[in-house]
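Chains here go by letter, A, B, C and D, matching the order in which they are written, and residues are numbered from 1 within each.
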Amino acid sequence: MEWLVHFYALHSKLIDQVGINAIFALSLSITLQAGHLALANAAFGGIAAYVASLLSIARGWPLSVTTLIGAAAAALVGAAVGWPVTRLRGVYLAIATIGFGEIALIVENNLSITGGAEGLSQIPNQTTTWKIYLVLAVLAFIFWRLRRTRAGWAIAAVREDEHAAASFGIDPTRVKFWTFVASAAIAGVAGSLYAHENFFIAPGDWGFSRMVDILVYCVIGGAASPWGAMLGAGIISLLPEVFRFLHDYRDIVNGVVLLAVVIFAPQGLAGLWARDRRGRKATPPGAAEAQGS
Amino acid sequence: MRNITRVLIATAALGGTLAAATGAGLAASHPDLKWTAIFDSTGPAGAYGTSQKNALELAAADIDAGKIESGGQKISIDIQDSATSPAQVINIMQSAFGNGTSLIVGPTLSSEAFKADPLAVKANVPVMGVSNTANGITEMGPCVFRNSLSEAQIVPDVIEAAKKSWHVKTAAIIYGDDDQFTKADYTIFNADLPKAGVKVVDVETFHKGDVDFKAQLTKIKEAKPDVIVYGALYAEGAKLLDQARQVGLHGHEIGGNGFNSPQIIALAGKAADGVIVGAAWYAGAETNGNAAFVKNYTAKYSKSPDQFAAQAYAGAQIAAAAVKKSHPADAAGMCSALKQVGSVQTVIGPFKFASTRDADAHGFVVQIKNGTFSKFE
Amino acid sequence: MFDQQLANGIFLGAVYALFAVGYTLIFGVLDILNLAHSAIFMASSFVALALVRHGVPFWAAFLAATMFGGALSVVLDRVAFAPLRARGVGGGALGPLISSIAFGIIVVSVMRGIFGPDEIGYPSGSVPTANLHLGHASFTAMDLSVLLVSLVMMILLSLLLKATPLGRAIRAVAENTKAASLLGINVEHTIGLTFLIAGALGAAAGILIGAQFNAVGILMGQRIELKGLAVIILGGMGSIPGAVLGGFLLGLLEVFSVAYLSSSYRDAIAFAVMFLILIVRPSGLLGKRAGRTA
Amino acid sequence: MSVLHYRDVGVNFGGVHALHGVSFDVQSGHVVGLIGPNGAGKTTLINVTTGVVAPTTGSVTLDDMPLSGRRQYQIARVGVARTYQNIRLFPRMTAIDNVVVGATRIRHDPDLGAFVFLPSVRRARIELQEHARYLLHRVGVPRDEWDTVASVMPYGSQRRLEIARALAMRPRVLLLDEPAAGMNPAETANLQALIRSIAKEDVAVMLVEHDMPLVMGTCDQVAVLNFGELIATGTPAEVSRDPAVVEAYLGSEALP
């Protein structure tokens, strides 16, 4: 047991990062499961982070309250943006959400309340490891049971074939809208946890490069399965630490690992278990990956 | 049943990879003192982090060779790349606490410092910031030091010099509104210029990485300011100077802290002539040991050092002087040693800490003249 | 003042157009958002600079580095896209987007290893930067050459697509790869050539922009990439004249938003326009394919 | 007892009259065949009925409820199911899951129940799986293919799976778009029996087909489309003797 305490003392922050990144990955996984590529999770994380941080600095409310309000704010903006955006298709939807992300970044840079590029400091450090992994466990449970519900089947059907799903009474636009809003809320939770973990946030934390990281977690782990998303977040968060001895040449390794997984394991690492499709029962619909329309 | 096994496999894989990560962190050697430096030698801030890494490697060699005295106590400096990612700064720092580090040098950016330094404060390990210029860095804890002058300490001298020599009445400011260095330039110049009786007639902004500024510069030309203030780092700064000439702006120009880099002269060439810059150091400064530092650095890295390199080297000089004076054995000892280090001769001039552990030193006002920085008369 | 801003807008527009032409070609033909295009843009700029530093005259270095960009782009296709195509992972999917990001990361990392993290400039005098005047507006010889090259590129490329057998093959592949192969078109060969052309275009843009602003750095591609996205949306995904029109429109829009509004929202306006175009008219100004229904 | 009414239905795509003035009814319990040369507008009529295409003129109503103008999923919810001429199964789902999705809208088990492991949810799920297996058996999909992913199933099974999926909705109207395409005579015979049995369950069935023996042997009524216009309706016997039909199909010289 003593080894575990020592291990935790040395790497508690790394463990927290893996947890928060996994929640971000889950927020992207839900939209991927519905078959659409929305790339605004980092921006929604930022919106919630600022709302939650400003509240906890000004009012000192507990983490659970500020995080919920932050996530609600992100969901609200998600609904406003989602309404026009979820009518788009494929790469157009992805680019519209990238555009929204850039606009959110510029607004955060220019608002005085957020401290602009100089950032927001003295955020109460309320996030702890067990809170992160409690949220992660709850989300994993919800995702796991979601597949049993009608909503779960509807989401899977819309990913497989929107038009066919419509001819069975499923409204594809409504499914895509609500998964977009849900993903904004989940990203909001992750954003607020990140803010209260790191004492300080700046607009740069929520830019396009952060969104690419989240996308990579999902693709490496398995594009549409929640297990894949969590696994991908874990591995990619650890990669820079594991290859620290390579110093400046680490991102060559990142690039090569990413390329290798995308080409040799298109369903991602989690998909390797469902590799043999002929004759064997495929994993439940949620786990089928979203690649190839 | 199938899904429960999937959950177990996912967490086991996570655990396994975590174990591998610790393997890299535990290899520890047992010199007298162990410092850990955290710089961004890759990623967007790679240009600055690389200068700091180079300078600190040079300082470590000079300490071993005795050129920088540390009272005979051996110091090993482990320099890690945090790839312009706050998460990596935090992870490096936390592993460092585990293997007996008694001083953290860095991190490169203030935004990283705000996120990581509180960990060092909690672990009672002193931090020496060598490039953090934002306000509030040293207030984070009793053992957080920095030897980098903040803009607020340099800008008043620059404005004074400009008023005295150029008798300027009006000014225009153009700055990057999405970077902490350049935003700080604006906040301070915009406050200090009116105090010195200089009216700010136009303010323009741009974003990190922009290549075209002619639209903003044309608008500034219309406002006909006596002097233009650039809140920019060397990359955008060089293009700003170049395009100012193209648009027909030939008035006086002041550069923020980011202009203090030989790169800007290399990129902008003649267009950089005449610009005055407030700087904590410049290559021509006749400070103690500076000439040797510039020569050795240029010889080893085939490019001349910039302010980031000078301040990193000076940081090592100050910490080594503290070791020589008080022979600390651990982190707590290192912190009190730094508090009582008194005045130290460094490449950025005579240096001592203020009561707030900021730098109590004066900057220089320099001008770019035919390809080099020289004292501004 | 107005005609100086107009000149600024036109020359900025030429920069955007030049970058966007290669970007939209790949999207138009293969329905792939190629996020490695900016890495090729940057790498070719470095190659040209290295050649000029070794005494090669600028325009010779320009041609050599453009070939390098084309070759690198074919390597990109072989390594990152062909394996996915072989497994039927078509366009519009996640795979190609990520593999292009991965390839981009590798190229950036290799370039930083060779040329270092700093921005470096052309040796003085090696690039034509004479200051020219037309009425009250002033601009440099490089500004003018970027404008001319982007217009020539557009015309040449449009002609190639419309009037040559290769152009017809590319457009057939763009419409439907299966149908194209049924018509006896060697699809893989055509795709390879498309990447060669797109890579050369990206390279040309990288070299000229690097020279025009005298700044070649490993991050120069990433920053113009998102703006390039706005341009190809505005002009219409996959449409070459659209990319050029979109480039000039965005350039003018940005410059006049700075001149008459405030410069801090310059980029916000560019992305807001992109957002609106996507919602109102996904096919952009000249694009044929609307937000294709499944 | 419900009836699908087509009243003067017309569709033109920019000047091209895909359908013009089509009126006929499909009664529950009956099978109406819709035949006509390629491009006559058969699939367009199905698309109009299911809301994929909005009619330019006229209306489609189910009993007294208008269908035209409503969205695809709304029409499906009132009990209009269809199969596709070019198969559109859920490729990466198994056969059983495809059928379970078909039944998604008509299930009444509480969604939230799944989160608290309510026994009723578990029972509903098992019941649904059983129903799916029953339907797969009924349409004749071999048992060993029930667990395979739809995209790798043999062509004939895929065709039958589409029908099973449509039946899972317990539809009031079933539109079959060339279900017998690519089937051998034995399979076609089974299909005929299946369609008859479906109609007997008070379902209004419309069968779009080229296989004349299947149409003539299965349908109570037949409607013939040519260039978007209805040129004949009636029993299979009447229609096969109608000169206009023979001419449209076999060209004028073939007249007896």
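Keep in mind that, in the parts below, a residue touches a chain if its C-beta (ideal position, glycine included) is under 8 Å from a C-beta of that chain, and two chains touch if they have at least 3 such contacts.
Since the model is a prediction, treat every value here as computed from it, not as a measurement.
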Name, by label, each chain that touches both members of the pair chain A and chain C. B
Nearest-to-centre chain - CA centroid comparison: A
Greatest separation from chain C - chain, by CA centre: D
For the pair chain B and chain C, the C-alpha centroid-to-centroid distance in angstrom is 35
Could you give the separation in Å between the centres of chain A and chain D, each centre being the mean of its C-alpha atoms? 41
Please compute the C-alpha centroid of chain C, do the same for chain D, then give the distance between them in whole Å. 49
Computed distance of Cα centres, chain B from chain A, in Å: 33
Which chain B residues sit where two or more other chains touch them? 41-42, 177
Find every residue in chain D that makes contact with two or more other chains and list them. none
Multi-chain touching residues of chain A, meaning two or more other chains, are 106, 109-110, 161, 163, 248, 251, 284
With touch defined as at the top, which chains are paired up in contact here? A-B, A-C, A-D, B-C
Of chain A, residues touching chain D in the complex: 141-142, 145-146, 148-151, 153-154, 156-157, 160-161, 163-172, 277-282, 284-285, 288-289
If you look only at chain D, which of its residues touch chain A in the complex? 50, 52, 71-73, 76-77, 81-82, 84, 88-94, 97, 100-102, 104-107, 109, 111-112, 114-115, 121, 125, 144, 147-149, 152, 165, 169
If you look only at chain A, which of its residues touch chain B in the complex? 6-7, 9-15, 17-18, 105-106, 109-110, 116-119, 121, 125, 140, 144, 198-200, 202-205, 227, 230-231, 234-235, 237-238, 240-242, 244-245, 247-248, 250-251, 270, 273, 283-284
Per the touch rule, the chain A residues reaching chain C in their complex are 32, 37, 84-85, 87-92, 94-96, 98-100, 102-103, 106-107, 109-110, 161-163, 208, 212, 215-216, 219, 223, 248-249, 251-252, 254-256, 258-259, 262-263, 266, 290-293
Sites on chain B touched by chain A in the complex: 2-3, 6-7, 9-10, 13-14, 17-18, 20-22, 24-25, 41-42, 80-81, 83, 85-88, 90-92, 94-95, 97-98, 111, 114-115, 118-119, 134, 136, 176-180, 182-184, 187
